[in-house]
Amino acid sequence: MNQFNVGILGATGAVGQKFVRLLKEHPWFTIRKLGASERSADQKYWEAVNWIEDVPLPQDIADIDVNRCEPDAFEEVDFVFSGLDSSVASEIEQNFAQSGIPVISNAKNYRMDDTVPLLIPEINPDHINLIRSQTFTEDHSGWIVTNPNCVCIPLTMALKPVYDQFGLEAVNLTSLQAVSGAGYPGVSSMDILGNVIPFINGEEGKIHLEPLKLLGKINEANSIDYAKFPIQATATRVPTINGHLLSITAKLSDMPSDIQEVKQAIRNWQSPIAELGLPTAPANPIKLFENDYYPQPRLHATTDNGMQLSMGRLRNSRVFDISFVALAHNTIRGAAGGAVLNAELLVKKGYLNNT
Amino acid sequence: MNQFNVGILGATGAVGQKFVRLLKEHPWFTIRKLGASERSADQKYWEAVNWIEDVPLPQDIADIDVNRCEPDAFEEVDFVFSGLDSSVASEIEQNFAQSGIPVISNAKNYRMDDTVPLLIPEINPDHINLIRSQTFTEDHSGWIVTNPNCVCIPLTMALKPVYDQFGLEAVNLTSLQAVSGAGYPGVSSMDILGNVIPFINGEEGKIHLEPLKLLGKINEANSIDYAKFPIQATATRVPTINGHLLSITAKLSDMPSDIQEVKQAIRNWQSPIAELGLPTAPANPIKLFENDYYPQPRLHATTDNGMQLSMGRLRNSRVFDISFVALAHNTIRGAAGGAVLNAELLVKKGYLNNT
Amino acid sequence: MNQFNVGILGATGAVGQKFVRLLKEHPWFTIRKLGASERSADQKYWEAVNWIEDVPLPQDIADIDVNRCEPDAFEEVDFVFSGLDSSVASEIEQNFAQSGIPVISNAKNYRMDDTVPLLIPEINPDHINLIRSQTFTEDHSGWIVTNPNCVCIPLTMALKPVYDQFGLEAVNLTSLQAVSGAGYPGVSSMDILGNVIPFINGEEGKIHLEPLKLLGKINEANSIDYAKFPIQATATRVPTINGHLLSITAKLSDMPSDIQEVKQAIRNWQSPIAELGLPTAPANPIKLFENDYYPQPRLHATTDNGMQLSMGRLRNSRVFDISFVALAHNTIRGAAGGAVLNAELLVKKGYLNNT
Amino acid sequence: MNQFNVGILGATGAVGQKFVRLLKEHPWFTIRKLGASERSADQKYWEAVNWIEDVPLPQDIADIDVNRCEPDAFEEVDFVFSGLDSSVASEIEQNFAQSGIPVISNAKNYRMDDTVPLLIPEINPDHINLIRSQTFTEDHSGWIVTNPNCVCIPLTMALKPVYDQFGLEAVNLTSLQAVSGAGYPGVSSMDILGNVIPFINGEEGKIHLEPLKLLGKINEANSIDYAKFPIQATATRVPTINGHLLSITAKLSDMPSDIQEVKQAIRNWQSPIAELGLPTAPANPIKLFENDYYPQPRLHATTDNGMQLSMGRLRNSRVFDISFVALAHNTIRGAAGGAVLNAELLVKKGYLNNT
């Protein structure tokens, strides 16, 4: 039934490799095409890639010929995943969409575009309706859907139950981000071994905006009314491999009677896609720990195949109302895994068709 | 002139070793006695200590006989530095003070005591007047002075110029703390290699209170009127060796015209002890970087012999008024070095006498 | 058929936790009893354990009552796995064996005992015959089988194909060992972050001896004729979590015509247990890489569920004959996983009976 | 007297920065010119450099204009230090030598050239006589002297006392090398955090050869008779910042009566330059520890300003004769500091003249 031929754009990069790993075992999606830059094209994938995943590169994928990221070379696929670098994603993704090939993208380029869904299936599944406003092709066969920045995904998932029940007036956070978020080779070991870098170029601007689109409401004109509260972020890099940890303090609109009521709101929160049977959807999208020492990147980033959001340390705050920490695997839930889940939702909702 | 014989209590611990290292080259203070627990007593220091400093253990110190932490064994010293564990500091430090031996302590036990100065010489030098209210001995020969927690020192130093000029309404922070803050053996490598721990037991309570005493005013009754603003802290452990980095957001009482005015307040701030010629006082107590990637623990924790406070990323905040980061060496400025500077101030102010 | 009730001794330690994790999903073995020290006994497992595995503690195991390590409390199990600390393993394991409860042990205490198999199923499966010489019980119902030290397992597996085809005259190695090999809390983060320690207490003596027993031949008197060649080891600790890497140089008895012949010997080597269908046996027990940068702990320690031995950099040596590196997961292949595989072999060979 | 104007080629790289740091405080040498690639030229040094040293960039150096690495731009210097990348060092260093500007180089390009001294002042100071055979200029005013690879320096220093007294038949070693050895940005954090890489491209070939030139004797024809014994190296990268640790096993020509005799040979060894008063010469060039856990990169790499060679674990070996470990700071003793010491020797020996 749900068998699709897929391509991966930017297949040799860190996110591209994660797509390969996740899709290799996927029950619906079969990798047919791999796209990369001119330098890699016309090589076998194993020749072009510096494989950094901690599982062996599957032999059948290793032997695929890498193509340039041009729609002509991807005609046989039903859609593509894009792990393209933002320096090239704008043009390439547009080319694919205009050629009638849907693009499920992890790149930042179209995230804030009015007609492009910025999608977390558990948070704003109805935003996929924006696709109908896209005009890449006359017949709506080609379009783009994006997933948020790797901090914005755990941040927004953590805020959602609170926002729904109590409203939000202000959010302040410090992120402790893993090096895999910078791609490969990314952060120099000279910079980060036994060190912390208190700034990540371009990151905070995304954190200030993307959650407001994600928590926004789709209106009658099929556009998004953004959520309205200020977010202040300090993005830091720490010497962890995977898993972005966020330390968050929030001011609520309506006061809970006590902290237990906030905990209940989080624990009672129901994923709107729980019943859809999406293969990549985590069994427990949000886990709230009581152990003060949890969550930790090494222990909890890979829970539920790296798709679970972990929360902890939820408590009253002397400043604002509540403080807590949140953690998610930045290259799975926060990137490739999030994109795969997006594709699964789009299949279920009838936006993706196999041929 | 200023030659003093000093003892070190808790000399085999991590802070005790830092005292040894700092005092070995000190122009005023000469190590005469080393105190440790019963297990170490009656050994040579080199037998009792697992030396973890990255300079060789000085041979003359290595050969000192370790004593129990009893005042009788320290009669020949003018005062003692205490790097004692809090589990034993209360009784031992009291014993020394009652025996007429001043105690310059890094332990937390007496920090919040009404008559005990919690001292950072550049911040609240006048608080040493509290000593006069101490009653350990009739002749005031024995007393206790403490330095703050290793987060509270950089936090308060960073807040001081802002507090003086604009006032503070609220402070929210996340600390990224080095493993040396937990002593030795302290944090298990299994817990922290490539990981972050979002909680440090007992730490946040100190951060919520100590800065308010430090920024408080000594009143006519010779007690402290605490500063009054809420502080909310999330203390995390990261895999760095030395240097606690703080990500801080603050609400001001009086609005600066722009961020430049805040920067000027910090850069124009004058240390009240600049003219005293204290050997351990840093040439530049506060350094404010413009480079967004600074300060970093590996690059800046040891500036000015580990006594400088580094600040950076000062900017307007979408939540509250200003956000910035601050960094200091936790076992030098934040512990042993801070205590040595305290002793130097107390010498200059006539509280310590050599015999 | 092969359903067994098992107990775990030392269940709260690092190796004990790995046993819990591996056995939780095991098709033959069901955890019925958990044993630990007096301090942990009479608590639920979740209360007694500081869980450090990167998967959630299974709820049904969490709720098991922890027992003292006394045979009376383990009567309902068919056998026990021992992750006991060597300081207590001698007496406890003997007690269990004498009570008729077979012990599959990871502890070092009985490894070099003449009648105790030191077992790697792929290397010396016939050594299990030593069990018949054990006299813990008259009816041979109680006995002890051990797995080797976590360096000796990859070392001996790597040497085996070479030893069989060319013989060995001398082996020199340096190990780069992960911190998990020291248990929990084990190595202090202050000692190992950004550092190397050139010595591991007690380790080199095991490396010098255990491989000679493992490669020894069982003789007509049902004892082991040890292999005879000198091994020289330098054991170092490096800041990795899992995976011991060995740098090995070996002198051969018979000269291969070229290095390809050595590679062929390794690649053609056949596991003697390949046909037994043991659940924990890796599909490819030995993998020899051609990529000079492989194997690496982070990338390859977990291949084949952590049970594969990875080799690389095989080349002629200017000193002796061949140099190469070898890697295995120290707490799976090198400890708990090795013990589970031992148990599986003993089931297949009829030494373990379910009741 | 000994005041010299110096230039630094490759000044923005990791080694170049170390030259800046070491020379800033040098009593004889004053930095006058900084050279870098075209990309950096015509900028102020602070604009061109990504400063990674853990001390502040000195303000007067920060303001120097960076030049292209062309002799015309360096006319006012007495000689240059070269931290050039090997991809450009051959031509640039030759240009300088031919222009009559002596080059003290850390690059590998000319190390094995018959007329170029490969120099460690404590090991082979007489090799500087090779300079007389160089023909870059007719008047011998321009020439090149090199320092060895960062592993070869500690290796050869450690071997020297043993070689002199007992002779060497074979040496086998595994190096555990810090990331700073790869320059900046060098090793990706994704590759090395919590990991080991068992290969360093191009490294082992140098280790096999350079020590034989260093231990060689200058003959009547003013060329070097190389030492003759095989060296086998496995070079690995570990997650340390500074300090290469070597695990070495050696076969001796003449058998010592016992291991104490070897220890005495090392401890009695006298540096041939001890009396020259070179500012960068360490007080104790070789330190042999008895503590099995020493030396360690974090604790001992910076001893004697990073110029000391540390040894430890010296013991009889079951294979060959002796095993031991050695450690030196790879970017100070093993690179820039070694080059500065070379220059100091050349000053004392009259090869460098100030104008």
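For reference, chains read A, B, C and D in written order, and residue numbers begin at 1 within each chain.
Just so it is clear, a residue touches a chain if its C-beta (ideal position, glycine included) is under 8 Å from a C-beta of that chain, and two chains touch if they have at least 3 such contacts.
Just so we're clear, the structure is a prediction, and the values are computed from it rather than from any experiment.
Chains that touch both chain A and chain B are the following: C, D.
Distance from the chain B centre to the chain C centre is 47 Å, each centre being the mean of its Cα atoms.
Spacing of chain A relative to chain C, judged by their CA centroids, is 40 angstrom.
Shared interface positions of chain C, defined as residues touching 2 or more other chains, are 52, 191, 193-194, 239-241, 298-299.
Shown here, the protein chains touch in all possible pairs.
Of all residues in chain A, only 14, 52, 179-180, 184-194, 239-241 touch chain D in the complex they form.
Here chain C touches chain A in the complex through residues 52-56, 193-194, 241, 298-300, 302-303, going by the rule given at the top. Residues 170-172, 174, 176, 191, 193-199, 201, 208, 230-232, 234, 236, 238-241, 245, 247, 249, 251, 292-299, 312-313, 317-320, 323, 325 of chain C are the ones touching chain D in the complex.
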